[in-house]
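Two complexes, one shared chain (chain A), two partners (chain B, chain C).
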Partner chain A sequence: MEKYLEILNYTIYGAAILLLLIGLYGALTKKSLIKIVLGLSIMDSGVHLLMISIGYLKNGTAPIFSPGHENELAKMVDPVPQALVLTAIVIGFGVTAVALALVIRLYKHHNTLRIDEIKNLKW
Partner chain B sequence: MVGTPVLFIVIPLLAAFIIPLTGMVWKNSVRIIPGLVLSYMLALSVSLMWHITETGTVVEVIAGWKPPIGINLVFSPFSGFLATLMIFLGLLVWAYSYKFKRNVDSEPALKYFILLMLLVTGSVGIVLTGDIFNMFVFIEIVGISGYGLTSFYTRRDSAEAAFKYLFMGSIASTFLLLAIMIIYSQLGTLNIAEIADKMPMMSNKLKVISLIFFILAIGIEAEIFPLNGWAPDVYTQAPGPIGAAFAGIVVKSAIYASVRLVYTMFDLSGALDLFIVIGLITFIVAETTALRQERLKRMLAYSSIGQMGLVMVAFGIGTKEGIFAALFLIFNHAIIKSLLFFSGSYLVYNKKNKFIKHVNGMGKYLPITSILFTIGAFAIIGLPPFAGFWSKLAILTAAADSKMLMLIAIILTVSILEAVYYLRVINRIYFFPKKKSTEAKKPTLNALIVMISLGIIIMVIGFYPDLITGIIDRAATDLMDKTGYIKDILTINN
Partner chain C sequence: MKKAIILISLTILGVYLIDIFTGIGFGTQHFASGVKDAYLIGSKETLKVSNVVTSIVVNFRGFDTLGEVTVLFLASMALGGILYKKRHDVGERSVLFPSTRIVMSGAKLLFPSIVLLGAYVFIHGHLSPGGGFQGGTIIATGFLLMLITYRNYSVSHNRLSYVESFAGILFIGLGLAGYFINNSFLANIFPAGKLNDLFSGGVIGIIYVAVGFKVAAELTGIIYTVLHEKD
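After this line comes the complex of A and B, so read on.
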């Protein structure tokens, strides 16, 4: 039983990679611009989950030195990935907003959201 | 001490957020403030360059957290050289587009200058930062302002080009985060100097994986061959001066990032050969594609990609001569390609599709612009006595010193293609009759001043390359000195 629980600790990495691949698949194969933006967003979430899971400790505590908890350094979760993931989420939000604005512009210009019908520019 | 490197990031960022406010009070401040800020930054970076020749690299510690815990900015001869070059080009782009949309209204101009300031902030930040996550943030700043500038004109197909760029850019940012997390999970640090110091502790497998993710991510911004599908569209759809900004500022910062990774962070021996291979493929494919382009800006874009490939090749040679040649080429490409974009935009001004045939007979109607375009074209082909000759010669001698004779043969052969498509345009400018219907637009005074000064710089560097080689030589020595870089940052005590 213990052995199986051990595997569970790694499922979070698997979940993160799976999300990343789902997002990549969506972004590369879907024809609708909205779905492509969704795919990019899911891909981002996958990486964010991976980042968080790297800093995770089982039964860890918050990385704050409060009175009575001075000697718990080994039990504290790593705060750096959390700070990074906050930044990355904000950036991802910004990029998604710009992407959706561009989708609106594309729709007004071409009257379609299908990417295979928007091809004024090519090699 | 004249000023600190952090000002290069704080001041343009502040200016970008202040100009909408001052623009409400005095409309012209939207155009004037960016110029003042950029000239101040140029003065500061030149004096800092002067300062570091005496005292050595300046390392700035942000918020009192010493490296490797805090973020640090490094103004070394190498990063300082690139930062100065970028700020100079930013100033030129500003001067060229000073009268941008002057007759229409101030709303588009406001957005344009805000985004331009953000673009400069991000690019200079990439070059100066000593922290890979910070580098990621700056790459995203460059990316988002780049998407905005690309989709600037609503009536062109600009949104399509911007979406392409955004699609690739956001996949790139995902890969970049992955690579950063692989390194962080293995070494527990984000500081470039400490990563370089601890790199031997990482297993070779993970090193290769993270380097591949890094190259994939940064290669998209650096226009490496299979990842550069966005570039020609962006160059054609963005406003004219922004083409110069992309070629001169954004791409240079991405090249810096990839070089910093391979030379300082990773100690993989095969990485330099990888540079030569991707560089050569990029160079050959881009120059052959440029040959069959019908639109002027697309041709310039492919030529720009090709030059970046050549820069990668020169960095890949790996000797000090190779780095010297690469940096010289970066400098020359920045000034020459800006001149070509600036003068080229006037040659095909207000034409619907900006075909090359629209330049027919412009030599008579726009004599100065045509001559400047010709100077730029001759310089980029590498004809003496223009600046481009010296950098091409430096690459060939560096390759010869390393006994890479095949490389010389390939570079010279592909250069013939380059000569063909540039001379074809020049032939059209001077020896083809002009169509009656087409109307030439005279360049504005500020644009003319910028183009003429660029032309003069190209000629002066062509006759006296010694003016610049000293600085480039110091920068090349600095890049080779990996242990010095690590020591400068990790033993700082202020």
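After this line comes the complex of A and C, so read on.
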């Protein structure tokens, strides 16, 4: 029983790695350009979840000194991964926006979203 | 065949990652707590900012945030460049069907409160969860609501770029002021105040307001550009 509870502890890591792998699988195998961008975006979420869960502490609180919680310094979770993920989310948004703009351009040029029909992309 | 190879290599990658992360352990203190404690104590004692994530993003790693804002600006510029078209060639907004009266009055009713919520989130970024990026995004969702509800609602591109440039100049100007007064780029030049006060943390609140305006203008510009794509 305790061994299974031990595994439960790693559920978040498992879910995050699963998201990462699902995104990578989608980006590698799908033919539609929109689905590839979606795959990259899912991969992004997986990485964010992974980074956030590294900083987690059991029974920890948010790293905010709100009134009445000024002295809970030892209980607070690590704020550094959270700050890094805040940056990563914004960068991920920028990447997705530019990728979708490129998809729009490609669609106008070739009238299709399937990469196997766009011959110029083959090398 | 190709899919099988990809699946096998992804499985190997997954097993490898899970092995690494079970080694790290979940929910325990597994980093040397020096960095964490330095940030927590520095934020509480010297900066007087209660939201530690904000103080890391804007003060301890403020230069990083300047780069992040620049990346967002470059993304919106690249989007405009890729989807560039001449001024008289701007198409009708690609809204498929006109919205009903309920949606129209609902949007009109909701828009001011969405903008107010966004402003609240970025003004209180150093006291509660939230901050410039989040508040700016909330304001941009308000503009998105208006843009997809009303076919002839338009946002002045000039005004957006004025807001954006002014906010960016304010950010860099505060950084330079820190350099000239306290010998370090983005150093705190205002008194720190009291913990959990609205006017605490010195320069942090002002920078986050600037970031909020900048992000809101940029995201609204991106939404506007994409919505006006002709098909």
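General remarks:
Throughout what follows, the second predicted complex is superposed on the first by the 109 of 123 C-alpha atoms of A that agree within 3 Å, B and C clash if a C-alpha of one lies under 4 Å from a C-alpha of the other, contacts with A are read in each partner's own complex, and residues count from 1 in each chain.
To be clear about the criterion, a contact is a pair of C-beta atoms (placed from the backbone, for glycine too) under 8 Å apart; a residue touches a chain by one contact, two chains touch by 3 or more.
This is a predicted model, so every value here is computed, not measured.
Looking at the shared chain after the overlay, A:I64 reaches chain C, while chain B stays out of its contact range.
Contacts of A:T29 after superposition on the shared chain: chain C is touched, whereas chain B is not.
Look at A:L40: by the touch rule set out above, it reaches chain B but stays clear of chain C. In the superposed model, A:V80 makes contact with both chain B and chain C.
Contacts of A:G94 after superposition on the shared chain: both chain B and chain C are touched. Look at A:Y10: by the touch rule set out above, it reaches chain C but stays clear of chain B. Legend: residue contacts after superposition of the two complexes on their common chain; A:I118 is shown touching chain B, with no touch to chain C.
After overlaying the two complexes on the shared chain, residue contacts for A:M51 are found with chain B alone; chain C is out of touch. For chain A, the partner touching the most residues, choosing from chain B and chain C, is C. Look at A:R105: by the touch rule set out above, it reaches both chain B and chain C. Common to the chain B and chain C interfaces on chain A are residues 20, 24, 50, 54, 80, 87, 91, 94-95, 98, 102, 105.
Chain A contributes residues 20, 24, 27, 33, 36, 40, 43-44, 46-47, 50-51, 54, 80-81, 84, 87-88, 91, 94-95, 98-99, 102-103, 105-106, 109, 118, 120-121, 123 to its touches with chain B in the complex. Looking at the complex, you find that chain B touches chain A at residues 133, 136-137, 140, 143-144, 147-148, 151, 154, 157, 159-164, 166-167, 169-171, 173-174, 177-178, 180-181, 184-185, 190, 229, 232-233, 236-237, 289. Taken in their complex, chain A has these residues touching chain C: 9-10, 12-14, 17-18, 20-21, 24-25, 28-29, 50, 53-54, 56-58, 60, 62-67, 70, 73, 76, 78-80, 82-83, 86-87, 89-91, 93-95, 97-98, 100-102, 104-105, 108.
Those residues of chain C lying in contact with chain A across their complex are 2-3, 6-7, 10, 13-14, 17-18, 21-22, 24, 26-29, 31, 35-37, 39-41, 43-44, 50-53, 56-57, 61, 64-65, 68, 71-72, 74-76, 78-79, 82-83, 127-129, 131, 133, 195-196, 222, 226, 229, 231.
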